[in-house]
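The structure appears below as structure tokens.
Going in written order, the chains are labelled A, B, C and D, and every chain counts its residues from 1.
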Amino acid sequence: MHRYKFVLTRPLQFLPVIFGISVITFILVRLIPGDPARVILGARATPTALANVRAQYGLDQPLWLQYFYFLKNLANGEMGRSILYKIDVLQLILTRIEPTTALVISSVILSVAIAIPVAAIASRNSGRAPDHAVRIISTFGIGFPPFWLGLMLIILFSVQLGVFPVSGYGSSIGDKLAHLVLPSLTIALSLSTVLTRSLRAAMVEALKSDVATAARARGMPESIVFWRHVVPNSLVPTINLLAVNVGWLIGGTVVLESIFALPGMGQLLVRAIFSRDYMVVQGVAMVFACATVLVNFIADIVTVAADPRVKL
Amino acid sequence: MSVQAIEPSPFSWRRFFGKRLALAIGGGILLFFLLLAIGAPLIAPYDPILQNADVRLQSPCLLHPFGTDNFGRDILSRVIWGTRIDLQIAVIGVLFPFLIGTAVGTIAGFFGGAVDALFMRLVDIILAFPFLVLMLSIIAILGPGLGSFYIAMALVGWVSYARLIRAQMLTLKNADYAIAAVSLGFSRFRIMFRHLLPNAVAGSIVFSMSDATLVLLSGAAVSYLGLGVQPPLAEWGVMVAEGQSFITTAWWITLFPGLSIVCLAFGFSMLGDGLAELLGVHE
Amino acid sequence: AGVLTIGRREDSTTFDPIKTAQNIDNWVFSNVYDVLIRVDKTGTKLEPGLAESWTVSDDGLTYTFKIRDAKFSDGSPLTAGDAAYSLLRIRDDETSLWSDSYKVVDTAVATDDRTLTVKLKNLSVPFLSTLALPNASVISKKGMEEIGSDAYGEKPIASGAFVVDEWRRGDRIILKKNPYFWQADRVKLDGVEWISVPDDNTRMLNVQAGQLDAAIFVPFSRVEELKKDPNLTVTIDASTREDHLLINHAHGALAKKEVRQALDMAIDKKAIVDAVTFGQGTLANSYVPKGALYYYADNMQRSYDPEKAKEMLAAAGASGLTLNYLIRAGDEVDEQTAVLVQQQLQKAGIIANLQKVDPSQEWDMTVAGDYDISVNYWTNDILDPDQKTTFVLGHDSNNNYLTNYKNEKVKELVAAARLEIDPKKREQMYVDLQKMAKDDVNWIDLYYSPYINVSRKHIENFYQNPLGRFFLEDTVKN
Amino acid sequence: MSAPVLSVRDLTIRGHLDTGTRTLIDAVSLDLGKDEILGLVGESGSGKSLFCRSLVRLLPSSLLRIEGGSVLLEGRDLTKVSDAEMLAVRGSEIGMIFQNPTSHLDPVMRIGDQIAEGIRYHHGLNARGARAAATEILSQVGFPDPARQYDSYPHEFSGGMRQRAMIGVALSCNPKILIADEPTTALDVTIQAQILKLLMEIRDKRGLSIILITHDLGIVAQTCDRIAVLRGGKLLEEGPKRAILSKPQHPYTTNLINSHPSMPDSAPVEVIKASGVTKPLLEVDDLNVCFKVGGSLFKGSGKSVSAVSGVSLRVMPGETVGIVGESGSGKSTLARAVLGLAPISSGHVTFDGIDIAQQKASGLAKLRHETAMVFQDPYNALNPRLTIGSMLGEVLKVHGKIAAADIPARIGELLDLVGLEREFANRKPRSMSGGQCQRAGIARALAVDPKLIIADECVVALDVTIQAQIIDLFRELKEKMKLTLIFIAHDLAIVRNLCERVVVMYQGEIVEEGSSEEVFARPKHAYTAALIAAIPDIDPDKPLLRAGMRHDEPQSTPLQPAKCMP
């Protein structure tokens, strides 16, 4: 399988990306005015207490030295210690990875599950009422602020109808899934519109394509033409779009995590930024970066699997 | 070549607009908002920041068609004045990324090689960089407000344009007319910007329309985190975010600015669709 | 019986009491740890905690505590040695954020298993109050030495009503009843879950939908609506929270007392109480919270008079005053106050430029004196007014709560009040301080606001004392 | 003619377009006999494809509708039967082969599965049975290792093999009628010959009736039994092949026949003997061009393709040299390397005495000033956003050979020269036909006022009649302006018509070189001989494919591991 050789070589290219991100995050968070020591000490801060905290976390060291320690830690698989939570950053992050990951994955699954049939209906009725309806709804759907939409869904499904939990994450698998429905639906309502538009366009194109004509010319009924030829050929461009969007999503779940009280990394990140918990910000940024890179990597693999012509 | 009779067909609106329908709707909506923005001082019935303790949380009525907020400010007037800021957000939030991305994409795509590799690594980094960290950091460094928001958008947003343009340039630079231009002894600058760029840019223009929606929504998300425009300015995202506390008691505070975002986004999307058809761009 | 679920904004950060100074942590500590001396439900009296009783030597320097027969949550006995260890730890440990407050302790010795003797370096009347601080909770010496402070901070060995069963970071803290608690028969709940639900709306909706038993931090704007819901009880408990407008005395015309007085008159606090707190707050007339120890109810309150303010400004040569008003981003109440105050000041001819920055930067700028006015609030940690008075008026290291307020007479009085043993005289000193502060306008007192919590109807006895302590040992879930 | 298997009566198709209603097929009546190959010829846009697609009711757009006439297949009128019935007709009664196999084969489905799909659906075979049947078909259409090639994807094959696969797909359900829509236009002559041969074999073996669409009369002459000529949606004439070719009724048909390039031209190319001039204008010496393929930043050595290897060539001033060879033989690369548009791996190019490799700056400047190129694809070679006038103006301005004030006049002259109306100065390429675009491209080359023009397959995309016009134009210009011309084509017939000297390339090397007459009369190299033999002659009595047929094609993309300099 020589086409999959990039699976072995590609990870090497990740290193400079991750390194670049570590440098930028490091500099960026330290450019932010504000002092973590003061944040955790609050109004009762006294100079000795401040100095103590700064010394404990090495914040009194010169910047380059701090970065050096950061890299050194990283090489040992450590990410330092949270100033706010007083524990190891990696340990802290590990407790928060699951909800975010679950949210992203469930949203993607839901979005795709919505987008494919909807795009199918629209493209197969291209230019007719269902198509126009889908296009208009999806064009409108893009504009809703997610935090507003999320709240509306809670009011409707949880408070009025009582079918899904209002917020939180739950402990058993079933419980977690129930908790994920509304937040993923909120994301899916906007993500699926983006996917639908792209898929619809690709499908309309593919339905008119020579491939479809050729299949019809050998007497294939429309359903086979569609599901065996049009769909596989329309997926490839959408995979890329999906990857880009998932990349955005990974770092952008914070608003929904907050609305739905999901104990994920987005919330952790925002609180860490607001309290200048440098190590946590760096750690989360690294995890997000790695996740994004991983998503793109997976997208590449899927693309290669879905389209035998692609070589990477 | 082929000689065929063309019979005139009866007039129909459908045919008149034809493919331009989306363009017309989108353009119409944007024009409407633009007029609102320009005419805000004339159209808005009240001062958007004037508080009136007597009419706090007034539901929509004749005097206040969109109701009032918890300070007794007129929502309609705030929505109308908000148009100015939100249009500006959409336009500036897209314009700078567009310009930067186009320049970078053109150069990277045209020259290829080391320049390209360098830029593309940068693109990789920015794509993998958590947007929120950047956005919040920039806002924290420069203070909340539109300036920081634009800078953050520009720092991140150019990547999409650069990628689009670069991909176009990579194919276009091998197009026969590009090679023809080289063989005619045209300068690189001329080839890049006069011959290739105009042909490469259509996709980006179409994308910029959906990008405008993304920018609006990013602005709203930033407002949700409390880092939107400085009060007491009226901006839709901030209005929706602030009105959240009243969502069960005074729905009108969030509904109208929320709908305005949706409508503006709809306008941009339609315009994007229209442009795509006009410029022959496939998503 | 049953497990009480409570929604709050943020998750805790640690269970190691000396490492935090945040309410979010302290409010959970108080039901996990126990302290030597407690503050009662009304927030006005000290009452025995792990210390059954205590005596103070005549010079006021030696305190002798009789430690109750109690056990830690791991079943090991709690001794005077543990109490001494805890006190020295908060004073000496380098990770302690509170060492300054306990520097007054000279020695703390367990004379025997049940007797703790504390010697102070110098007289300090508020000392007993500081022992009620949740951060001074008694920890197990043996436990701490065995498992280390990190593990302790995750799952402490404590002696309070509940023990930490599980901590799902970012999500919830699950507490279960502590069978070894010395008042175990008082505890009716099987357990408590503190659940973080950052969004105010979602938190309220959770209670409305019956998925949480209770939620704290009810936004002012929601009180009336929630009160109407027959399934809910809205609890409004007196607090020690006081919101005030900081004034940077070091900036230009603000150094003049008359200008500050004019500013005070230009602000319509009643309007703020109405519009921002939806009538839940009450006008503040002193830096000491209403109902707290030594609060002076008859303190002067300048009436709202923008015209007079304008005149005074003109007289002080400060017409057309332009002020930089710093706001903390993300705090809805702060922002709303700012919007109101801005318009009010305008009526008195003062231009306030709002500058919104992120919370920790706001703090930084305030500390750096990079502001003219800014809204802030304070909640008391301890019963005694000395702590706040020292911070606000006492000229200690923080420039009088960053206002750069200077008044030598006030400074001396603050120091003297700390040493006055006679409660009557002491009260008079604090009344004087409140009058002087008001006259000087060290800052502008805006309003006092209560703790507002909501619970389902079947929850009883869910309340806080003014220092914020929840009495979950009394709470009943039917 | 035996009883027709398919007969079309007064078929009329109209398009209801934005611009109005157009009649695209105008009352066409045709019969297709059993075992017969019917050739349908006509220029681009004449309605050939539309006609065929209408037979199976697969019109390209819902705006086009069959609005009259009938298509009778075994007594049923296909324009009337139900959609379900039509499904059974498509594939199992009428099979279709399309012009462009690359776009008609599903790129993400295995070749074999595409054949098996129809078999399973129409014959209800199970997966195993369909696979066996499909493998059998693959071997019938000439796949050397069908069992293995069943699992390959279309892009893994060359154009010729793809067309075979396409034929396999069309045959999968054993149809009685095969419609082949320009099945060889995208292919090289040699491969074209193989495909045509295959079609005829299949016809013989299976007793098929075939409608073969083409715009090349040569193909018709070689393969068909009857000919129908279509123009502007109307059937101009129809009849047995020989009758039509020898006695065309319609002037358009006559014109078509006369402009066929395989017609020996009346005026033989006169060879201008290099009288006095001894210095060649262009000298190519042992030129190598390699392309790196694959490889990336992190793995150093990818493979190298040697596109041009060891080519030496001299072109005298005023000479016209033709370069021929199949696709991928390195013709374009050579042209580009000569013009400094492709990097040279080794060797020398000397233009008018200046070695370009050595004096890069001045050499290139001189090249750009004195040479010009005309491209294959007339549309893609013109910037779609510039009008012809501004395009020409820009060239004139940049070259600065004439004063700015004279530019408009010069533009007019150039348009006159290539036979375009002056009003074309204000047109954009999109509003022009292929032939007009190609003229504009030539005008652009002339604007440089070059000594040397390299025309790279500049007539391939055009209709025969227009091809002939362009060739005439070149001939005229060459004489008028004393141009040196390098004319690249894979069509030998055109080169023979225009050039005095011809160079034959095969896999990056020159395999034969000499005067046109000489090479065509007595090809020395086997490859040249095969090329010549593969040209379909318009004379039906000069049969196609005298040379031996190979089933396997020459490997057209030589992937040689780093044979060239790094």
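In the analysis below, contacts are C-beta pairs under 8 Å (C-beta built on N, C-alpha and C of every residue); 3 or more make two chains touch, one makes a residue touch a chain.
Small disclaimer: the values here were computed from a predicted structure and weren't measured.
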item: Innermost chain, taking as reference the mean of every protein Cα atom displayed; value: A
item: Higher-contact pair (C-beta pairs counted), B-D versus A-B; value: A-B
item: Length of the line joining the C-alpha centres of chain C and chain D, rounded to whole Å; value: 86
item: Centre-to-centre distance between chain D and chain B (centres being mean Cα positions), rounded to whole Å; value: 45
item: Centroid distance [mean C-alpha coordinates] between chain B and chain A, Å; value: 22
item: Computed distance of Cα centres, chain D from chain A, in Å; value: 48
item: Where chain A touches two or more other chains, by residue; value: 13, 32-34, 151, 155, 258, 273
item: Contacts with 2+ other chains: residues of chain B; value: 136, 140, 225, 244, 247-248
item: Overlap residues in chain D, where contacts from two or more other chains coincide; value: 297
item: Pairwise chain contacts under the document criterion; value: A-B, A-C, A-D, B-C, B-D
item: Complex interface listing, chain A residues touching chain B; value: 13, 16-18, 20-21, 24-25, 28-29, 31-34, 135, 139-140, 142-148, 151, 155, 197-198, 201-202, 205, 237, 244, 247-248, 250-252, 254-255, 258, 266, 269-270, 273, 281, 284-285, 288-290, 292-293, 296
item: Contact footprint of chain D on chain B as seen in their complex; value: 1-9, 15, 18, 117, 175-177, 179-186, 190, 195, 198-199
item: Residues of chain C defined as touching chain A within the complex; value: 10-11, 13-14, 16, 19-22, 94-100, 150, 153-154, 168-172, 195-199, 201-203, 205-206, 208-209, 211, 330, 358-361, 363-365, 367, 376, 378, 381, 391, 396-398, 401
item: Contacting residues of chain D [partner chain A, same complex]; value: 56, 58, 60, 62, 87-92, 95-96, 98, 100, 103-109, 117-118, 121-122, 153, 155-156, 166, 169-170, 172-173, 294, 296-299
item: Complex contact set, residues of chain A against chain C; value: 32-36, 38-49, 52-53, 56, 84-87, 92, 95-96, 99, 151, 154-155, 158-159, 162, 165-169, 258-261, 263-264, 267-268, 271, 273-276
